[in-house]
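You will see chain A twice below: alongside chain B first, and alongside chain C after that.
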Partner chain A sequence: MSEVRHNSGYLRRAGTAGLILAALAAGRVVTGAFQADDSISAPFLRAGSVGKPVSLRYADVTAGHVDGSRCVSVGTSVLRTPGVFVVVPLTIVAKGKPANLRYAALQDRQGRTFLATGSRSPFAPGTSQPGLARYASVVVEVPPDAVAGAHLRIALDGLDQRRDDMADIDLGLTAAQAAGWAGSATGVSVPDAADQPPTIRTGRACEDQT
Partner chain B sequence: MRFNVSAHLAAIAAVRSFDRFPRIAAMSITEEPPNDEPADPGRSKVAHRLLNQPLRNLGVGVAVVVLGTTAAFGGLERAAGTDRLAPVKVGVKTRVEPYDITLNRVVWVDDLPNVYPSERGNRWLAITATIRNLHEVSLYGAVELAESVTLSDVDGLVRTPEPDTDRVRSSYQKLIMDNSDLHPVQPSIDYKMVFLFEQKAGTPAPDRVKVELVGHTWREDSIDKTEKWLDPTVIAESTVPMIQLSETSG
Partner chain C sequence: MMAPLRHALHRPGWGRANRWGLLALPLATIAALAASSDRVQLYFWEKGLRHPTSGVAAQWVNFRDQYSDSNGDHQRLVRVRLDAVRPATTPWLSTSPLQLPPGSKAVAVTLSLQADSKLPLSVCSLAIRDADGNRYDYLSSFGEQPTSPCVPPDTRGPDAAMGEFGGGSDPDDPPRPAQWTVSPVIVVPAGVTPTEVDLWWEMPDYVSLAISG
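This part shows the complex of A and B:
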């Protein structure tokens, strides 16, 4: 009789362990099937358009008139591309505490992501002080077919944008603009980031910028 | 005096088998009665027969089970690096994940404008190429791209080989049209660029170099659980002529 009770104890424990494993497996299947992991960790997109401030947790961000060319001058460098450079002026006003925005990218209609990083697609706004406007530019090198319908995405952290606000600004660009930029002989001069609005500088001819 | 003949014969057989297979035979002697029936009524006939098997048979069985188990985890898949590598062909586009790469020229030059060696007098071994990022996100020129075209068995290269390999990656990856560092490498753009390998001045310039094309695999990193291009693997290699770049050759 005691042996039967002993065996039933083992069975009960084994059953409990089996149920726990089954519950864990079921949870994994459900989250995998519905891509819950991605939706939980995705950034919070805040939609906007050119000329209108986008309110983010850490700053208000406004995209200005978008320009483009097959060459740009950035600091002392002149960059050329077999595609086109898209140049977006930004006005950044930090909220509550200083903010140094480090993520910018162009997202095209095909789902491709063109990061503004490194020497050929620079984005270095520096630190924005709370309540004061900071003026900077995003430069992104893209193939011409990525321009029409592209959105600019801006976020605080350059490496990890999960679970935080991200601006998603429709730049209102067309294929005709892309073709014009790709065929243009006039480059775009990109001003350095500053606390003062940039002065308008006329772009020089691409061939003259060597 | 009564004599159990069958028990006697079984004992002789057990002692003989002990000579060849000591462990199994010893168990037979000490644990089994001198007849064919299991001593322990709780032990199955299958277990009894298994214990009576020669060690050689058991070893084969265990090996089959182990191999069968590893097969479930990819043990019977073709091992990487066992295929004959494709040759590197200059002028032919090759899929080198995550890039398409066409090698155009393999040359050396004593100096280049606005590209500075680590020591005065060092020369540049240069491989010009057309590359295209096939991934849907920007890539870093100094990471996957630098790993994608490498040299081996060249004396005097300034950079050291990649860990556990003979492959040396380039010192610079430059866009030819503006001499800028190719970083980032944006998707879907054909870049005409050059891989620059710095060679020490005291070493003669090679007339042939071994070139490798190194592909990567898109998978989750087991450490930080993010997906990356990992596992650099040589997919093509050849020893190709290297000539001096002269003004007339461009």
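This part shows the complex of A and C:
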């Protein structure tokens, strides 16, 4: 009789341990299936549109008139692409303390992300002093089919955008604009980042640029 | 509060059967928090100006913090005095007029410092604050000013030793004087009234100097 009770105690403990393991496994499956890990660490997207300031934790960011071409002049370099360069002028006003925004990317309708990084897709706005406008441009090299419906995403940290504000600006671009830029003979002149508003510079013909 | 707990621990049943687990629960919670507490240090405490050494204008302040280089850990002992905060029309050490951004003004911060000439000090940051706590940093790109706002540009003193990668003292460089004065210029919005000057080498420690008047 006492042996039966002894065995049933072991069985009950084993059953409890099994149930705990099953609960842990079920939790892991649920978080994996619904991508809970990604949503927990995702940036906080702040939606906006061209010409309207997007209020972020660290700055107000406003995208200006979007331009594009198959060639751009950046500093002393002329860049050409078989796709298109999308050029977005930004006005950045930091909040509370200086901010140097280091993340910019174009996200297309298919969910593809094109980073503005390196020499072919530059984004280097420099440090913005709080309350004073900083003028900079995002240049992103993309295939023409990524232009229509693309959103511009801007964030503070170039390496880690988790759990922080990120501007998500609908650039209002169409397939017709993409086709026009891809066949354009006129390049876009990209001004350097500065504390002064940029002067309008007319782009030169792509073939003329060396 | 304690009586129901004592009762649960001593009566036969669930509470008694699980008494050791219940007692261990607070310890396990503390251990779990302690295990992840390095994130508070790395992602919060060391990412901001948290630990001020405070003073007022025209008085010397003794500032002490620590730094590490390839030779180990060291004390950094600097004496700082805020001499003046004045409107500026030219960059520090320049006679060229400043090109001010729209809606801004320039402020020159004059500081006197005393330190051992062998102490690496050139990698520092300077800022002024307004009454709302907004921070405006010294940006050397504004007006093409010297890179470091806290040492004389011609006698910067040694850099922190970086082993075979450089740093340390160059015997050909003239030594930094025992006491010197700097006047870096900071751009702020036109309506801002500076109330505080902050100087730091490594967060979270900083010198906080109140601007009188």
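The rule is simple: the second predicted complex is superposed on the first by the 187 of 210 C-alpha atoms of A that agree within 3 Å, B and C clash if a C-alpha of one lies under 4 Å from a C-alpha of the other, contacts with A are read in each partner's own complex, and residues count from 1 in each chain.
We adopt the following convention: a residue touches a chain if its C-beta (ideal position, glycine included) is under 8 Å from a C-beta of that chain, and two chains touch if they have at least 3 such contacts.
Just so you know, these numbers come straight off a predicted model, no measurement behind them.
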{"item": "Room on chain A for both chain B and chain C (clash or fit)", "value": "fit"}
{"item": "Chain touching more of chain A, residue-wise (chain B, chain C)", "value": "B"}
{"item": "First (chain B), second (chain C), both or neither touched by A:T16", "value": "neither"}
{"item": "Partner chain(s) touched by A:T117 [first = chain B, second = chain C, both, neither]", "value": "first"}
{"item": "Which of chain B and chain C A:A133 touches, first, second, both or neither", "value": "second"}
{"item": "Which superposed partner A:Q196 touches (first chain B, second chain C, both, neither)", "value": "second"}
{"item": "First, second, both or neither for A:G96, with chain B first and chain C second", "value": "second"}
{"item": "Partner chain in contact with A:V78 - chain B first, chain C second, else both or neither", "value": "first"}
{"item": "Which of chain B and chain C A:S55 touches, first, second, both or neither", "value": "neither"}
{"item": "Gap in Å between nearest CA atoms once chain C and chain B share a frame through chain A", "value": "15"}
{"item": "Footprint overlap on chain A, where chain B in one structure and chain C in the other make contact", "value": "none"}
{"item": "Partner chain A, residues of chain C touching it in the complex", "value": "99, 101-104, 133-137, 139, 141-142, 187-189, 192"}
{"item": "Chain C-facing residues of chain A, complex", "value": "96-98, 126-127, 129-133, 195-197"}
{"item": "Residues on chain A engaged by chain B in the complex (per definition of touch)", "value": "71, 77-83, 105, 110-115, 117-121, 140-143, 145-146"}
{"item": "Contacting residues of chain B [partner chain A, same complex]", "value": "136-138, 140-141, 175, 177-178, 180-184, 186-192"}
